[in-house]
Amino acid sequence: MSLHAHKLHPPTDRRPRYTHRQRVAYVDTDAAQVVHHSTYLRYFEVARIEFLRTHGFDYAAWVEREKLGLPVAENWVKYRSPARFDELLEVETWVAYGSRAFLRWEYHVRRDGKLLTEGFTVSPCTTLGGEVRRVPIELLKACLGEAYTDPS
Amino acid sequence: MSLHAHKLHPPTDRRPRYTHRQRVAYVDTDAAQVVHHSTYLRYFEVARIEFLRTHGFDYAAWVEREKLGLPVAENWVKYRSPARFDELLEVETWVAYGSRAFLRWEYHVRRDGKLLTEGFTVSPCTTLGGEVRRVPIELLKACLGEAYTDPS
Amino acid sequence: MSLHAHKLHPPTDRRPRYTHRQRVAYVDTDAAQVVHHSTYLRYFEVARIEFLRTHGFDYAAWVEREKLGLPVAENWVKYRSPARFDELLEVETWVAYGSRAFLRWEYHVRRDGKLLTEGFTVSPCTTLGGEVRRVPIELLKACLGEAYTDPS
Amino acid sequence: MSLHAHKLHPPTDRRPRYTHRQRVAYVDTDAAQVVHHSTYLRYFEVARIEFLRTHGFDYAAWVEREKLGLPVAENWVKYRSPARFDELLEVETWVAYGSRAFLRWEYHVRRDGKLLTEGFTVSPCTTLGGEVRRVPIELLKACLGEAYTDPS
């Protein structure tokens, strides 16, 4: 992946998106009275699973059936402004890049429209033992929607 | 288990004990600027594993070899006084009761000798699928030491 | 509190209740492929805050305004049956006992009607510095509803 | 920060380093039976605080005294190979870049010499209210050691 991967930019095409409403729990905060930075990786994970469900892909059932998974191989987060206990956040996510090799989700966390945090995660498709497999076409289609193009 | 189980009292006999030194991490705290109450169950778990290691029982190797485990089936915690970021706590643990049916660990968390938190956890021995098995004699001996008496 | 406090029994009167729908996140699980026992304290906390919101008490706003809080001073959990990734749980909660001294929430976690986990938490009302205050009447009324009786 | 920031390379000069021995707790794992990716941000945080302590800077006392902090404003993690329950990891950390504007820690997580995970975190110095302040000279000196050069 090129270094440009760092440059987050919401896609202008009509690829699938999903916005998860996330209430900040007390346990998510730390002694600075803001959401602990590691918590956002939890929020991203929840949003990713719900993105898949919304777009017709039941991740848990697929893991169970195919003995495959989408582990996080890389991530990056930029924390712009803190969130606090009980705030209702919006975690928007979409797949910015998808191929037979990996999927790259991007995330925008907002409160009342203000961007608080952004980030990406990169996931290959692997067996439960960790061996890399090709990303299934059905998964690519669910993630990319109209932005999907036949890899052949 | 009788309701008296609630009454924690350090054993007066010479059964095995272990004191784990636990530094409070920033992520362990919450917006009240104290250690979040759920964190103590993490501390107890770490102390329990180290108790076993110290007394000659390698829990991870046993799980791997025997496909058994010691899940927590019940716990209780009393929070007397809060702990804060970067404090060095002492988590003392011992097995207050052990039989072929279950083990009951008790815990005292102290800072500079002051009791902050106490609690217990109850663990049966189960297969990874959750079926109950008898607690192995070798495990009972490791946990009870001189307090062990032949169950026959 | 008497030892009978251990005996959980859903109230038969019409006191306020709340059932929080809780989806199990991947991060909530552990290597036994079930929800880690400490996670239930997180679920209880979320359900407790939502119970209050549903019954007209905005906890976060109250903390901010009054500089008071409801820390957990004691809890107990009984784990009957495990929950797994992506399951949709129901966390029912109610205040089994409330006075000017403390509130005691009880919890039933169910999946498709089956009771998986039950527990209680006890919370006094304290200042942010930890000094005990009397539980406000407005809070007692929100928690107890028709079961509230004037303490005088 | 330039995009080259992504290119982790252990410094060849004699700047301060610290290696934290981190035992994997059971709660650190997930249903894939490996350490959950969010856990590494916890490990990094602990290593960072211990790095500072080892090099003469008591972070908790400084926060308390100066009402300042070093929040994480950005991080990146690359997960190369998984870690499992009870493994003893080595988390090596050093400050790859430090100025009056921010500190950039880098991390290598190894097991028996094998690199499992690497990453960086970027921290400005801020007030507890979130206002940016200049990184104190004493902190820069502790972090950079012989690599420190007078900014004037």
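For clarity, chains are labelled A, B, C and D in written order, and residue numbers in each chain start from 1.
By our rule, a residue touches a chain if its C-beta (ideal position, glycine included) is under 8 Å from a C-beta of that chain, and two chains touch if they have at least 3 such contacts.
All values reported here derive from a predicted model rather than from experimental measurement.
Chain pairs A-D and B-D differ in how many C-beta pairs are in contact, and the one with more is A-D.
Looking across B-C, C-D or A-C, the interface that copies A-B in more than half of its residue contact pairs is found at C-D.
Each chain gets one centre point, the mean of its Cα atoms, and the points for subunit B and subunit D are 31 Å apart.
The centroid of the Cα atoms in subunit A and the matching centroid in subunit D are 24 Å apart. With touch defined as above, residues shared between interfaces to two or more other chains in subunit A number as follows: 26-27, 34, 38, 42, 45, 85. Subunit D contributes residues 26-27, 29-31, 33-34, 36, 38, 84-85 to its touches with subunit C in the complex. Listing the residues of subunit D that touch subunit A in their complex gives 3-4, 6, 32, 34, 37-38, 41-42, 45, 69, 71-79, 82, 128, 130. By the touch criterion given at the top, residues 23, 25-27, 41-42, 45-46, 49, 59-60, 63, 85-86 of subunit B touch subunit D in their complex.
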